[in-house]
């Protein structure tokens, strides 16, 4: 019984609470999977019953990541029936494309799914096909998945059984733009998003371009105006334009009232973090104080978004290892510049997935996500 | 009432448990103080009632460290009476030398003290004077303080009311040497300790030598064979030679049976972490397997020390942000090389302080210290 | 005679060419001064006769920078008469504000001056006063200084006796914008410049904000839309709009035909390098190929600017330690995104100063500046 | 004619001197090859006629390394006849094992060879077989090769036609130990060498263990007491013990008078540089001043080794990008600790190769190697 051995191995680390939820992680050899396991190990309402892999199956988790050397936990070969036997909720941290079949198999067996890949983020199969260049194998599931950005979709996430976690860049940019867009402050819906990401965003695969000696002292753009996260951001903004949490969706928007995102990502010599600098045009001569007030109001009750005081600039260091987002802004004339900082593996992936889990399960939203950033 | 406002500000983040202990932090503008606050904020059995500072008094903690931007907490000016009013336990993260008076004031008022400075680590006032070049102002307190290395002093720490936390290097080196020394494996008591530390070990003061542009791409030794942590390590090893947890102390050791530590520290271009490489001579032709068995046994029940499998090398990355210590070793002929990795701000400072707190308060030793390293 | 001792100390390192020019460096305790000395030591047509300082006077250069440990060279206290005695050309690497008096003293004594500070970059005293908040003490000298950007001002630099080197950001952004502006490709003269700089740009002064532990893993904006380099860039672009190398200057431009630079700088965890990402609006539906052709033509004969092939992105790593600038671009619809990478201490400071020196002295422009980037 | 096109492409960058030597580089896709090309491009007495590769043949050098984007130079497929046609001297920067055949082919055709691989460092075929686990395919060539460490083998290198460049660690450790060993200061011939290397030492191959996110914030040992460079260091020290530059070789040494090197390498989160900390036992109670005098004398005429003043510690930053070695030492009681810093790609590889070239060709030893370190 794998669930038993995994449970035993972790018994020292999980607070045994009667109402804890049995969870499994599928895919743990990448950075997102590792971060997910880290957060889950400290979550008081989860009980990790098993971890599944493909190429890593059979290895102990300590062999895959030295940070788990203290855990006596071995990766199992993915088997949907076994997952259904041992877990109520499965986190899928698999490569893009590999998740569609697995998610369907698990949902069919009654397992709730939180998908951290890019496979279920779009509402429309046509959109998926256009952006990813291949047909989605389970278009119905695509429509079922709730987009896991709690700041915009909290109500839908409560009680959901299938969640598609947003991309790291879309999380960062959407949170930077949403308050201004929502309050009608913008002259147009063009967004210039100059984003800077740590190297872990490129994953853990062995590539020359990700070597320490290639990335150290290297600041560089890539996929300029040609990255798959741009249409995902546009989808988010178009939904906002159609009414927050509404059903109308973006098909109702006329061409001129749709968002246009000019997305320009860059790689920064650091392991974690995304800083987005977003350039927006204000509709009229608003003062910085007025704009600040809009952002302050929008995020005042959000547990993980902090709007910084005037003159303060978000830094990735201050949110590292957390599910937090720091936002700051500057206005000069009709230009609004918004900075937003997240941890690409935290609020950009694993942290957000656990925040969604809390909403799905009706738990307090911050459960298991209380920690402050590692500084330095 | 400062305790109220501080308590309010943190109410969203602390689980209100009836038996939680009221704690205060004195000194929060350095990296140790910041790490301490980070750990305390997530500790389920502590209630942080106030944070005190000197130069930073009056500032909000978010102005001092951007990672606390979400906290509405202002530093108070240090006042022992106020601390005694609001806290049962005080963590002192003050500069070396500044702690002697404060510790005495608090202990006099019945506040338990956990001192993270170097002021109370030696047992003997003469030793303190010799190493630090000045007389200790409260020699009686020096003798009262229990040295906070749980792996060697657990029994004394249980129920203690005054703990002096070890230095970061001494923690790392002592844990690397203790099992071999304790089991009588060594041919002599000479230890060559080649230690490599992240830059946060140099503190947060503005110095040219700690600038990013000075330390990046710079691997460099400093204070070779001339660092104050060498006698602290020798004290630990001499105690072991006199019998673990015994009362005999090192004065009983003859000159030839005392330890001699050749300590050679280095700065590494990373923010956190200490890797110690320790060179020891084995007393007879022991095999690596026999030595490994001694280490395995010594640490098998320790919650925070992991002895790695053959061929695995500890890395600072795998313990970053935690209270863990990873140890690995290699034997060739009569040479034993031990590697030990800790986070200088974790097991080397704040994490260890909280581990000691748990022992002092009779809590489960891992309480509030469960997290896995941030990897990457 | 200081010139003799300095000359002796360097005799092993300079190729003695009869027509070599005697040069002195004033201000050598900052990173710009160190880089200048590095380049000068390898320049076959310069003979370094003395180095002058203020606070560092009396120290050996090896005490100031360990990379000069092999040089037996001591800093002298600045004395304009002594400089005039030993040098034909003086490089001034002093803090902003401190250079006005020194430059005037040297020019009066017939010494040619290359000023690396910000003190003589503007043409107009009013502009200087407006940007720097204080009156220029030698407004006549301000008008005499030739702005040292060879790609735009080569003819003026030939034979000049007083050169003001551009700022690092202005060099980077101006080179990114100039070809498009010059060819009339732009719909308007608004420039969004999102710039990312290594930490050495903040200088060598001891500040908490520049510590390794503060900047590692930290990507952060600063002085958003509020940096003194914005008007310097605008000056460059306005000159271009008035005709390249023309005399008309920007006063002739109507308000709507002046440039507007939205300048948003950021700090990147690396020691050297600036990557600028510049967003421009094309005037009509130009193809990327047409725009690429304009850039290719503009830079085809430039010895230090390389326009990269389609799909290649400039990286700071590939120009580190050199006087080179790498430029790449992307066009989608009417948006032109240009990336430009320089070394802030190379093409952004010391390298450019030496390139100007070569032009002033009628030398081949690449003399002493041949090296390839340190990669990695 | 490939030599013509390569020559043309570089004509702008090489000073045409009548006596310049035609050189070729074989293997340019690794970091050593790139550094070699960088140094060669600035060498006034070399004319690079062609670059050869295997997997990279057909690519432009700018595609392989972005730092060469300005060069119009295409890699040719390795062909010994073609090399012999275009070059007098060939630098071989090929992987270990791949060089034996190529070196033999070139030497047979009268081309002088400088081999930067590990293939020809040992004097004895038996030693090679023992360390590398396979028979050398050209044992006669093994004996012909002169070991390229000028500080110990200068006379043999003058006029040599086949040079085997030392490993990076052996260069660093041998230079740290040689003066003390040579002067008979040591109590025994045991050397503990705790070495710290930048990541470029692991090469440019795509491996998870060399990723930025794996190595950042990671200080870690590897191959402890089990690295192939240990016997190479021992060979150097044994030669010294047998008499400097003598013919006696190490076979004459009795077992107790042979050197024993305990070699413990580590990886440091930086791109370049090796810092070696070497622990030696002094034979009698020598003072630090006496030991310093021996080192000072040993290196006083060396163009690339700088012995630092008391209290100064070598840093890799101060030698980065150069062919320099900085050495410092500390003595306490009978322990001598020597620090030596080099650039693993400079004095540890390409710089040293060019220093050997200068000796082979009868040029001034510093020709083309004058530059100061890139600091920062």
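Observations, loosely collected:
Order of writing sets the labels: A, B, C and D. Residues in every chain begin at 1.
Assume a residue touches a chain if its C-beta (ideal position, glycine included) is under 8 Å from a C-beta of that chain, and two chains touch if they have at least 3 such contacts.
Everything numeric in this text was worked out from a predicted model, so none of it was measured.
Both subunit A and subunit B derive from one sequence, and where they touch, over half of the residue numbers involved are common to the two copies. Of the two chain pairs considered here, B-D and A-D, the higher C-beta contact count falls to B-D. The centroid of the Cα atoms in subunit B and the matching centroid in subunit D are 41 Å apart. With each centre defined as the average position of its C-alpha atoms, the distance from subunit A to subunit B rounds to 35 Å. Here the spacing of subunit A and subunit D, counted between their Cα centres, is 47 Å.
Within subunit D, the positions touching two or more other chains are listed as 31, 198, 200, 213-214, 216-217, 269-272, 315, 317-318, 320, 376. In the complex of the two chains, the subunit C residues touching subunit B come out as 31, 198-200, 204-208, 210-217, 269-271. If you check the complex, the residues on subunit D that touch subunit C are 12-13, 31, 34, 37-38, 41-42, 65-70, 200, 271-272, 303, 306, 308, 312, 315, 317-321, 324, 326, 366, 370-376. By the touch rule above, subunit A contacts subunit C in their complex via residues 192, 194, 196, 198, 213-214, 216-222, 224-226, 262, 264, 266, 268-273, 275, 277, 279, 313-317, 320, 328, 330, 332, 335, 337, 339, 341, 376.
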